[in-house]
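Every chain is named by a letter (A, B, C and D) in the order it is written, and numbering of its residues begins at 1.
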Amino acid sequence: MKNKKELRIGLIGCGFMGRTHSNAYKRVGDFFPALDYLPVLKAVCARNGDKVKSFAEQWGYESFETDWRRLIERKDIDAVDICTPNDSHAEIARAAALAGKMVLCEKPLARTLAESQTMVDAVEKAGVPNMVWYNYRRIPAVTLAKQIVDSGKLGRIFHFRANFLQDWTINANLPQGGEGLWRMDAAVSGSGVLGDLLSHCIDTAMWLNGGIRDVSAMMETFIKERMHQLTGHVEQVSIDDACTFHCHFHNGSLGNFESTRYARGHKALYTFEINGANASLRWDLHDLNRLEFFDNGDESRLKGWRSIHVTDGDHPYMDKWWVPGLGIGYEHSFVHQAADFLESLTTGKPCSPTFSEALETQKVCQAVYDSALTGTWRDTSINQ
Amino acid sequence: MKNKKELRIGLIGCGFMGRTHSNAYKRVGDFFPALDYLPVLKAVCARNGDKVKSFAEQWGYESFETDWRRLIERKDIDAVDICTPNDSHAEIARAAALAGKMVLCEKPLARTLAESQTMVDAVEKAGVPNMVWYNYRRIPAVTLAKQIVDSGKLGRIFHFRANFLQDWTINANLPQGGEGLWRMDAAVSGSGVLGDLLSHCIDTAMWLNGGIRDVSAMMETFIKERMHQLTGHVEQVSIDDACTFHCHFHNGSLGNFESTRYARGHKALYTFEINGANASLRWDLHDLNRLEFFDNGDESRLKGWRSIHVTDGDHPYMDKWWVPGLGIGYEHSFVHQAADFLESLTTGKPCSPTFSEALETQKVCQAVYDSALTGTWRDTSINQ
Amino acid sequence: MKNKKELRIGLIGCGFMGRTHSNAYKRVGDFFPALDYLPVLKAVCARNGDKVKSFAEQWGYESFETDWRRLIERKDIDAVDICTPNDSHAEIARAAALAGKMVLCEKPLARTLAESQTMVDAVEKAGVPNMVWYNYRRIPAVTLAKQIVDSGKLGRIFHFRANFLQDWTINANLPQGGEGLWRMDAAVSGSGVLGDLLSHCIDTAMWLNGGIRDVSAMMETFIKERMHQLTGHVEQVSIDDACTFHCHFHNGSLGNFESTRYARGHKALYTFEINGANASLRWDLHDLNRLEFFDNGDESRLKGWRSIHVTDGDHPYMDKWWVPGLGIGYEHSFVHQAADFLESLTTGKPCSPTFSEALETQKVCQAVYDSALTGTWRDTSINQ
Amino acid sequence: MKNKKELRIGLIGCGFMGRTHSNAYKRVGDFFPALDYLPVLKAVCARNGDKVKSFAEQWGYESFETDWRRLIERKDIDAVDICTPNDSHAEIARAAALAGKMVLCEKPLARTLAESQTMVDAVEKAGVPNMVWYNYRRIPAVTLAKQIVDSGKLGRIFHFRANFLQDWTINANLPQGGEGLWRMDAAVSGSGVLGDLLSHCIDTAMWLNGGIRDVSAMMETFIKERMHQLTGHVEQVSIDDACTFHCHFHNGSLGNFESTRYARGHKALYTFEINGANASLRWDLHDLNRLEFFDNGDESRLKGWRSIHVTDGDHPYMDKWWVPGLGIGYEHSFVHQAADFLESLTTGKPCSPTFSEALETQKVCQAVYDSALTGTWRDTSINQ
């Protein structure tokens, strides 16, 4: 084995995403042995000392901090990975960039377009490698979709549609805010399903189908008041429970997007479909190892949607895992993204999506938000 | 067998819908033997004499006409069934009502809300039985969905979404207008996918989920010019190739609808899904004998979408056909609707959807059209 | 319309199959207008006078009989169609052939191979057109499977597997024998699932994959005693509730077949799959408009099972029905078989499967039966 | 974090299974933090020095050996994990047991029943913890199936059927034997699909449905000669390419099993279904996060197969991973089995399947083999 260079990670936040990223760092070396760089779990940071200590021990971080500013100051950290709630993304990212650290950030970039812009400015000024964890791009079936689109097989694109359907907040007794539920407090999250779910759909959509020109949106908060965990009072719910929009892409195709946390029966049903003149594709997170593909060039009587089980050695990333037919899971998308980031340190090329690329998603999110509030079509360039 | 009363049918139009209706009339007696009324194929009418003669012979009509006014004048006709292109629905329906005939009409009611209103006025003034062939209500799986919704099992409704996806007009060399292609000429059809496809989705949606309050829509014509069959010239395409809208229902739920003839790989993929607090339902025309049902009341570890094969004796209409497990097809929805219409003659109750009920769909269609043209939200009551 | 020749039908038996055949005769002219022959429902026969009278009225038979011998004697009958329980197939068929009638017979040909042989001898001696209603061959997706196999696309065949799974006799209180339940009395039916279900699988299998050389089988009667409807006594159950066998085809491929009426959750789940070196096919009666097809010649990364929605104009029989995407049902297989039989009267070619071809299925059934009883492998030619 | 006890692992074999086991050991601590024991990757052993060194470095083993006897002698090894080809399982296991090591062994236990028996004898005499890696039991959907069966929901069982379909050896130019292809050389593997694939099916079947009484089997070698990698000569193929059997379970239900490496289009399609009087279950490795469940106790009109997405917190093992809706993969079954083995060290209870339990599977395999060779039914107790 060749000598590996170390990438010393400082992780901030030890919730759900802290776990997915930690797992990615720990596994990438086992499955991508040819990489020059290997992550080292140098430090993890969270405000709650007991919790962060326990997390550090469980995952094998060498040390921990309870103040993210101290973590950023440390000389033994190469890359800061931001897994905190959305309201601290911008401040941490700016500070980390200023300190010359590489910056990796969970999606969405920040609560608002304005906040996001400051982050892009900071990493570009500092000239540090940066990346946003829109992990679904690295599900092998989704990456294969990208390869097929790029091959030109689809021809002129007419439609892109995506849904992200969940059901976890239907219970009116579920509180909002605070531990485990900051996603339901817009002061922290910026928005509800728009930033949490639709941002994923928008990132994938623009990756596959190019930019979005203008949008017309609708948002709804079905349950208007919930107990707030931090105040203990029943308060107005500030987030969008559901958000739907249709749009025009720059290439002339139409988009239709829907997200909700009130679709009984669906836990994380992220689906998308793209229809071209010559072929179509669709994908479903609940059956994530498959890509469906319709090729209008097939013999007429034998045309049909192909269910591609994306587990073969010539499928993206799959030569790194097991043998054909044996599926992988959600978490592997993070391993792949970590591998691609490490690879980018060798090649010197940015690893997509960069902060700058993720800003484009923020622009669409902002336009969706503004459209829903005003009941009018909004151009995505209106706030630029 | 008891003595049957005759319902003497005069069918106008012998295209695709003329066939589905004729088949319905011929089969209903075989499978619904308890009905008091039996349709008699008295006459069929179409302008093309050779074609209508051949159709009459093939289907067993006793006679034929080439002028619909003559058919309406005939004393031996009880019910006029309108299967012509949309631009003649209103005039024929008004004349038939005036002549005291029962009036059955293919959907959509007419090209515009205004035209449709005159039809409602005419049948109501004449006091004649009337019905519009929104046939999908009588697919057994869809009727079962209605029964489940009416049982209250779904609880508060949050979402209704429906798509109607086709791919038959992607070819730019397909001409528009005239024989077989009048659906692509807005002067005849009134609109493209809006009246042809979305009207079905809207009818089902309002039947299952109540009225629609306001809409925000987008329409697109992907191929701007096509050769017109009647003029022989390349002319501007007047129809919508795709139409998408989101909306609010009166019950507070959100709707999202999409239709297109440019979704490569889909021939007639009409799907809908309804999400309630306690249960959800979904259906797919390409697998029409199934209804999917998610019941949140199921034991926690065992919750899942149930694939109900709607072919059992206690499923709607299915006791009339074969044995459990053996599916029926698209055409049976028309047989069921014919049976229900014949039954309504005995009970004296209107057979849904009546012209008046179908007018509600026209109001939504008009609001969708106006919204798409203006880029603004439109209230469905705005034109009333 | 050209002048049609009449084929005057005498139907014997007015149960489930009497209905499917009657429907086929009544519809074939509407949908296959180019045929030279048109069936005429001349007479129906059943022992129960009230029942047969009612059936004749409902379906429009011109007359009825209560003694099948009288029906066969009638000069105004061209073709005798046998829809009675299995124990009378042989006697009726021999008499009809002797009377010079064409003979159509429901499957299985008879209770035993020996009985079946007498029927083949009779129709061949009489030289009359004959056919057995193995209707599943004419489901368009199954016919398409045959076309694909015949095209050679599959290459060397390795495997054929088929299941026919039902659940209707699990209830131990279900009686056996008599009206509606003769299939559960081996004295009448000859066997249980073997003749009722597996015979269909075997017919399709040999049609697609050639003859079967030898078999190794297992049969089981799960519920040993049931009340007999005719005697009113609890009696030993004489039929097989489940029957499974594996086999060698003459082409060297392996077969695996299973049938049961004790598979909870399945009503009529007839499925088959065929695996060739270059391609594979599978089909499912519960989703009968689809054929799944895997082509190993597809581009490597894009290989997958294609779900062919067999509703297009270039699919077998489908140009006769509606428009692409709109499915048909179980009953249509009988319409198609009727059409093919009528066509065969014009061409003079036998319509498959003839009695002689169906005898091959009986040979396999007999070998399966004998193998299960003896616990040994049985050659299918052993009784010839 | 409490102080962990170490379980020092000595892994023998660094092929496909060496990787899955190593991954399991490395991940189990991250996701099962409550365990008392933590695996330590002490040493890995393989004959090829370069290969084992590279493997040790990639996976983080502290040391490596090239002679398994040396590894077994080492005092710093607590548990020997056998991932070698089948021909060395017995010798290594016996030696390891004799040395007082815990013994974990890849399936199948050995090439023959006789070999397997010596292994059981050895571990029982030594009194060391032991386990066989029939990993599919620990796919959460399969574990859930076990819980449902154990709850009695299925009632009397009538049928169990399982298939394991692959297509990787269809190419006649694929050599046999040696590196990567020892599974195709019966001298090493003991058999073809019987030991490799059917043994999995049999293990799951008996776990869910109890013991198998007798079997009737068929085996086939489609491609009779292949080049042998070790000799360089074209030699007779000694393994079974396909193996099918039906059987009786002790509980009176019927079994039907099929496995092959010649089913074009399937990579690792392990499926099973169990039918009880009251409910049924089925599962599919290509969509491994789902369990299908039919409950005959559901309201009549609403009965249907439920597609349970086994990703919720109350599903087996799933509280350890991510959030509802996010699937896991094949490899996780090994992590779960490792966790259960570690847990068993605390509780002192054996971890299923032990060598003794796996011997039952060997008995069925032997009976299948003998049945196929002799063409007769074989009792599974015949060789005891």
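Criterion: a contact is a pair of C-beta atoms (placed from the backbone, for glycine too) under 8 Å apart; a residue touches a chain by one contact, two chains touch by 3 or more.
Source: prediction; values computed, not measured.
Peer 1: Would you mind naming the chains that touch subunit A and likewise touch subunit B?
Peer 2: Neighbours common to subunit A and subunit B are C, D.
Peer 1: If we define chain centres by averaging CA atoms, which chain lands farthest from subunit C? Would you check?
Peer 2: Centroid comparison gives A as the farthest chain from subunit C.
Peer 1: Would you kindly tell me how far, in whole Å, the mean C-alpha position of subunit D lies from that of subunit C?
Peer 2: Roughly 42 Å separates the two chain centres.
Peer 1: Provide the C-alpha centroid distance between subunit A and subunit C, rounded to the nearest whole angstrom.
Peer 2: 55
Peer 1: Determine the centre-to-centre distance between subunit B and subunit C, using the mean Cα coordinates as centres, and give it in whole Å.
Peer 2: Here subunit B and subunit C have centroids separated by 36 Å.
Peer 1: Out of subunit B, which residues touch more than one other chain, so two or more?
Peer 2: 303, 305, 309, 312
Peer 1: Where on subunit A does subunit C make contact in their complex?
Peer 2: By the definition above, subunit A touches subunit C via 144, 147-148, 290-293, 295, 298, 300-309, 312, 314-315.
Peer 1: Which positions of subunit C touch subunit B when the two form their complex?
Peer 2: Spelled out, the residues of subunit C in touch with subunit B are 1, 16, 19-20, 22-23, 26-27, 29-30, 33, 54, 57-60, 166, 168, 266-269, 285-289, 309, 311-312, 321-332.
Peer 1: Under the definition above, what is the set of subunit B residues touching subunit A in their complex?
Peer 2: Within the complex, subunit B contacts subunit A at residues 158-159, 161, 163, 165, 167, 170, 216, 218, 220, 222, 242, 244-246, 248, 252, 254, 256, 258, 260, 262-265, 275-280, 294, 296, 303, 305, 375-377.
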